[in-house]
Amino acid sequence: MKKVFTRPESFNDIPMHYCPGCTHGIIHRLVAETIDELNMVDRAIGVAPVGCSVFIYNYIDCDMYQASHGRAPAVATGVKRVVPDGVVFTYQGDGDMAAIGTAEIVHAAARGENITVIFVNNAVYAMTGGQMAPTTLMGQKTTTTPHGRESDANGYPVKMAEMLSTLDGSSYISRVSVHDPKNINKAKKSIKKAFEVQMENKGFTMVEVLSICPTNWGLSPKESVKWLDENMIPYYPLGEYKVPAEV
Amino acid sequence: MKKVFTRPESFNDIPMHYCPGCTHGIIHRLVAETIDELNMVDRAIGVAPVGCSVFIYNYIDCDMYQASHGRAPAVATGVKRVVPDGVVFTYQGDGDMAAIGTAEIVHAAARGENITVIFVNNAVYAMTGGQMAPTTLMGQKTTTTPHGRESDANGYPVKMAEMLSTLDGSSYISRVSVHDPKNINKAKKSIKKAFEVQMENKGFTMVEVLSICPTNWGLSPKESVKWLDENMIPYYPLGEYKVPAEV
Amino acid sequence: MARVTFREERCKGCELCTLVCPKGLITMSEHINSMGFHPATITDMDKCNGCALCARMCPDLVIEVERDEKKVV
Amino acid sequence: MARVTFREERCKGCELCTLVCPKGLITMSEHINSMGFHPATITDMDKCNGCALCARMCPDLVIEVERDEKKVV
Amino acid sequence: MFQGILIAGFGGQGVLSTGQLLAYAGMLEDKHVAWIPSYGPEMRGGTANCGVTISDIPISSPVVTEPTVLIAMNRPSLEKFEPKIVQDGIALINSSLVDTEVQRDDIKSVYINANELAEEIGNSKIANNIILGALVEMTGVVSGESVVESLKKVLPPKRHNLIDINREALEKGKKLAEEARVKTAM
Amino acid sequence: MFQGILIAGFGGQGVLSTGQLLAYAGMLEDKHVAWIPSYGPEMRGGTANCGVTISDIPISSPVVTEPTVLIAMNRPSLEKFEPKIVQDGIALINSSLVDTEVQRDDIKSVYINANELAEEIGNSKIANNIILGALVEMTGVVSGESVVESLKKVLPPKRHNLIDINREALEKGKKLAEEARVKTAM
Amino acid sequence: MRKKLSKVLMKGNEAIGEGAVRAGCRYFFGYPITPQSELPHYLAKRLPEENGVYLQSESETSAINMVYGAAGAGSRVMTSSSGPGISLMQEGISYIAGAELPCVIVNMMRGGPGLGNIAPAQSDYLQAVKGGGHGDYFVVCIAPASVQEIIDFMYDAFDIADKYFTPVMVLADGILGQMMEPVEFKENQEMELPEKPWAANGKRGRESKNIINSLYIVPEDLEEHNFKLKDKYSIIEEKEQRWEEYYTEDAELVLTAFGTSARVCKAVVDKARQEGLAVGLIRPIMVWPFPQKAFDKVIHSAKQFLTVEMNTGQMVEDVKLAVAGRRPVYFTGRPGGMLPIANDIFEEVKKLMSGGAE
Amino acid sequence: MRKKLSKVLMKGNEAIGEGAVRAGCRYFFGYPITPQSELPHYLAKRLPEENGVYLQSESETSAINMVYGAAGAGSRVMTSSSGPGISLMQEGISYIAGAELPCVIVNMMRGGPGLGNIAPAQSDYLQAVKGGGHGDYFVVCIAPASVQEIIDFMYDAFDIADKYFTPVMVLADGILGQMMEPVEFKENQEMELPEKPWAANGKRGRESKNIINSLYIVPEDLEEHNFKLKDKYSIIEEKEQRWEEYYTEDAELVLTAFGTSARVCKAVVDKARQEGLAVGLIRPIMVWPFPQKAFDKVIHSAKQFLTVEMNTGQMVEDVKLAVAGRRPVYFTGRPGGMLPIANDIFEEVKKLMSGGAE
């Protein structure tokens, strides 16, 4: 018999610290699969955020940095400028990238920095206990929006893929989800494409991945994938927002 | 005879520190005229940036703050939350707002903060000696792009009006210029509209004003207005980018 | 012919795999593993077609799937 | 009838007003003011129609414009 | 009277709230109390523990580095904290999840298969309170009534229906402790 | 030999580059030199000044707080720095822009209407160098040739056509100083 | 306001929130970080009940600048963070100090440097008391050691901030934020908050406008401002030293510790006294201004000093400055989120008292 | 490389740039600020000539994190700023110290706090040497006093950074950046830069991956890391103290000053010696580690110390710690962008020497 599914080679065989059902694990795996398929584990250099996924540096078997909160794109820029033939990626949550790291991501994109950003949007600050994120949906209850997010107090959710697409330096921008196998496949393709665009030096690439956080959503993992499907996707439409000319 | 043009009442009668021909002076005056016309000098609260226009706090005769570099929207937010019936505005340069202050402006807009931002885009960091700004045009020579801005090294100019318009919290966004009397009139109208929208609590408002910097452009003021017309306007199209429903 | 293997000690009992198996073959065990979770398991291996949807859905790489060569599409 | 007055000591000699006067009435003085600039001045006040474009263009509020009431549009 | 109690296990096992319950009971009895938690970065499944100090006199240091009582809800907790228990201290072990034994013989050890017992009683979430019942019985640090009283304060009104089953759990623990005949005189 | 020279005026008057020229000339003569600028936040039109120290021995402090020579290119500069000049020091005043007089009588003062003279020579930008010529003549801190030599180094080649007119300016200043017969012996 | 409870079991982080609300604070701007998250959670619920504003900013940098705005507008306002976030606030704190605005900043310290970890520590002492930001300024710095003290000191924090126009930092180790202890609240008096005629909240008929500013472009002016600040700091140093003495009257060995370390040291003193050793404790309650007076007071009997911290040695410098070479000063500490253990310190104490140090 | 010039008149800011390039620095990330702008201007031209990278970041926060990335990738890298910008870098500096990465950070100091002004000052001493960021760490801190020293010290700065895996700060007052002095360059040897097998620049066949990190989630691990850092700092304190002595052998009054203040103090010493007064100067070249040894050396003759700074009194604390109560330590300073005036200090000196202090 032939293995039709097994752990990617560049994905270390250690238990992950995530909560049961947390889809960070799936997204990690997709990155590792891409590294395998593009045969670039020797050139890949990853930058971990501060957030639940901070320990990604332990899980993926390439050189890694742990960046300060929100600054992964700046760290990646420093790395890429020194190692122009490296394949440099960041992996960031929505607190990390869409809040404290707004300036860094906007300007990495504006510079057309040749890096790939995997942006995990789970609509909360998970690691610190489920506070409102910039991506939290209207009406969503979090530990800092006990009565649900209201526009008067907290404004409106930020659509990063849409916003970064307005910048001339961004090259490939998409939004995908990993709440079911079909979408996982699409997510994989998009992540791979982003890396390929980077390897052709076509500029800044980002894949926004909708992800669940059962723990802070106060739902079971099964309920969570449903919630994502029914609530997040309508506000955060999936698809490719920007594609370079000939890819 | 009747005075058809004189100093606005809310504009202090002291000499300004700007270079000959610098259009910061014109933009200041338009804000002061608006304050007069809307009869709000008692409610107006301004926030000065760090940049050539830092001393605006001396020139306009309402309560003022001097904010740290780039953080005027955060300061304005603090003020507005405490003084909800105040008419709060920031006045910021392109280094201040489009570089170091990117996160603050994006999130003030995303929150739909009821403030008015006067964003002076002169395509350089003027006060510190003419370095490249995020808004510097491709090919433009500055003290830090001695051979002209190149996309490989420095990426692409940021279009703030366009970018902030993608956010659900922004309400009125326009781009105007002050390089000739016709445009000055339009700029005035737009600034007034922005304040009016704020006073109706309709959310975040911003007017981007194209402005000249003869000193750091290395041109005479006369050459500068021409350069703005011929080079900046094509890249930064003038107009209203976002208008709330019934204004 | 296909085979799914569960690395029981890694399973966190999230049940996502049960959601996606087109044949509804996966259930949660009665017993708990060393982490205190009820691990997933397959009820009727014969019915499994090796589609690997379960494995692709599992966030913790608990599941490996093998399949007869000829069946590969 | 209109009158423009220049507050000479405030003029920085940028010449922007000369650019916008539809009648080309404004020129720069020979002499320098206390800041070391050649201040702007009006050559032929009679021709001035009080449009105030110069004043609106001046970044330093050097210029005040008055006009006969009846001419007000 | 002074007890420094350490309750340790996985995150999600409820060790923190069990400790709070105990501290609350101490406060109701007008004792001096302090509760200090410690946990890893994981939201679920990591290690978590808390120290509860209950004393008749003001508490100098609220930090429980040398517990008089350890409740070990899983194996790593027992391994990590067994050496720190004071002489003649007590180890209460959730044998449902701990398959090893205490090494020291200068402490008293009681094994309770709390998870199975809890499911027997009818709610897997009350495992901790079975062990808490044993602790109360063995140490007398607070009375069983105070614990029940605290439950009323700690649980939101709509969950007061759970009080009875919790009381049952505490009783069960108490009985087990009696049976184990290891009541400390204090 | 030690001179601490302060050159002060509006920004944009070229006081900083005049100071640099002087420092450069000192360096060419293998003297110890230091140049320190000071200016306000304005890019144009604010106040600006620089201190130039030229000495035969290593310079302890390069900061010119008590100048031996002051060049005042505008009125505020004279008002601000006149009191700081050392006894028997020199004040060189650009009388084109300064309409007041020096108050102290323990210093030597020379007035030069540099702007007008410069326009006479044919380039308003060389006003500073007229005054510099006077300074060189009065102090001998460097030779006139060194200043011209420095010009060649400081100006980019394509502007070497300006050297002659600058030389003329320096000569003019020298002559004025001679006429004023206030040459200091040094 | 909530009804008065005789005694409540409360987390330190929540006590900060409740204490602040009772001290008249109605505005909180902050960004989440462990180990202080219960504070924003608490205030997100609590402040709207009092018509106050809880606003989660996009970063700590932004939070401190919102505080600048809200403080300038005349409100009682607070922010809170831990190590990395406090570092990001340094520019803003410097501006607040420069503009002389009152506000309260909480640092619930964790392990550092860098991301470090989320365990309790006292690793930011030097940053807090020596001016982590640029320029000549100090921040008044209160270090509570129990949940009850947190409640009590929040009043003082806001009062001192208003009195001296200065940012006040509440410097606590993560344990204090996380721990629960019973607290009692004072009867809820109507607060009389000070008038703030300097606030920039709209002229509204005022003769002249108010400007909130830290820019003094003319060096002479900034020098004057710096000297004025320095005079203010001297007054604070004179008037606001605060400390607790614990068995110091006859102490030959004086322990010095703040916050949770001081709690542990109290246990050590208890133990030492039981064994007849003349050991005492100076617990700085204010760590800036540092309680110089406490040291001058004990120097007659004290033969040596031992500073105990949850770091690799920071406050010990201030102890040395206070002792000024008159007696030897020793240090022991546990950094990285580890806690000093009473028994270990006691061993150290015994060694020192038997003349066995270093 | 450029052709060797015997002597060049150079601005301090440009000298930093040229010195860095000659020391093998090929990467600069920074954000404009007065009074250091000539440095980025210079490097924007100069680095591309050497196939290096000059990148203007969107902020100082971003700049220091780019430095983190570039340093982690094994390059010699530098950033530069002044007061407010350095404050914004504190979190990043703490991360760099925690991850033990080598880099050079320039602080061209100006007046503070807040926006302060752009005039030269020494207002960030405490921030620089006491750890302005969070957590237990120190930054090696060099304080040049002339343009020639800048050139010479840039080599040392990068070498020390690489040797000890630590950020090194060049701490200068704005005057040093703005002033021009003639400088000589050493013959341009081929630099032998150290190997960096730990760099995270792609595995490329390496057995195991490299991780750049400052997170130690287990307190025991972070404690070990903290102690390891502390040991490193002790070694640096032992080995890298550096100072200049100026007429100290028999000095009864010892001035202490760094940077431009020290230049002014030299003039004071000259004057005093001319008048037969036994005055000397200790000029710390490294301000961290502080030159304790220099003070132990002069203590036999020194009767008193006078610290002179361009601030309201910062380094004076370190002088007091070094003198440890053995002699009185006095302070005089001009903050806000004002310069200490040789004559004023000399008056102070005369007063002190005639026993008239305070």
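Chains here go by letter, A, B, C, D, E, F, G and H, matching the order in which they are written, and residues are numbered from 1 within each.
Going forward, a residue touches a chain if its C-beta (ideal position, glycine included) is under 8 Å from a C-beta of that chain, and two chains touch if they have at least 3 such contacts.
For clarity, every value in this text was computed on a predicted model and none was experimentally measured.
Q: If you walk touching chains, what's the least steps from subunit B to subunit C?
A: So the least number of steps between the two chains is 2.
Q: Which pair, A-H or A-G, has more C-beta contacts?
A: Between A-H and A-G, the larger count of C-beta pairs in contact belongs to A-H.
Q: Distance from the CA centroid of subunit E to that of subunit H, rounded to the nearest Å?
A: Whole-Å distance between the two chain centres: 55.
Q: Between subunit E and subunit G, what is the separation of their C-alpha centroids in Å?
A: 34
Q: Based only on mean CA positions, could you tell me how far subunit A sits from subunit D in angstrom?
A: 59
Q: Using Cα averages as centroids, what's the distance between subunit G and subunit H in whole Å?
A: Computed value for the inter-centroid distance: 29 Å.
Q: Which positions in subunit D are in touch with at least two other chains?
A: 12
Q: If you look at subunit G, which of its residues touch at least two other chains?
A: In subunit G, the residues touching two or more other chains are 34, 53, 55, 58-59, 61, 84, 91, 95, 99, 114-115, 117-119, 213-215, 217.
Q: Could you pull out the residues of subunit E that touch at least 2 other chains?
A: 41, 45, in rising order.
Q: What residues on subunit G touch subunit A, complex-wise?
A: Residues in contact with subunit A: 31-34, 37, 40-41, 44-45, 53-56, 58-60, 84, 114-115.
Q: In the complex formed with subunit B, which residues of subunit G make contact?
A: Interface residues on subunit G, with respect to subunit B: 27, 29, 53, 55, 57-59, 61-63, 65-75, 77, 91-92, 95, 99, 200-205, 209-215.
Q: Any idea which subunit F residues touch subunit D in the complex?
A: 10, 13, 45, 74-75, 97, 115
Q: Sort out for me which residues of subunit B touch subunit A in the complex.
A: 99-103, 106-107, 110-113, 134, 151, 154-159, 162-163, 166-169
Q: What residues on subunit A touch subunit G, complex-wise?
A: Residue positions touching the partner: 50, 54, 66, 68-70, 95, 99-100, 102, 125, 127-129, 131-132, 134, 143-146, 153-154.
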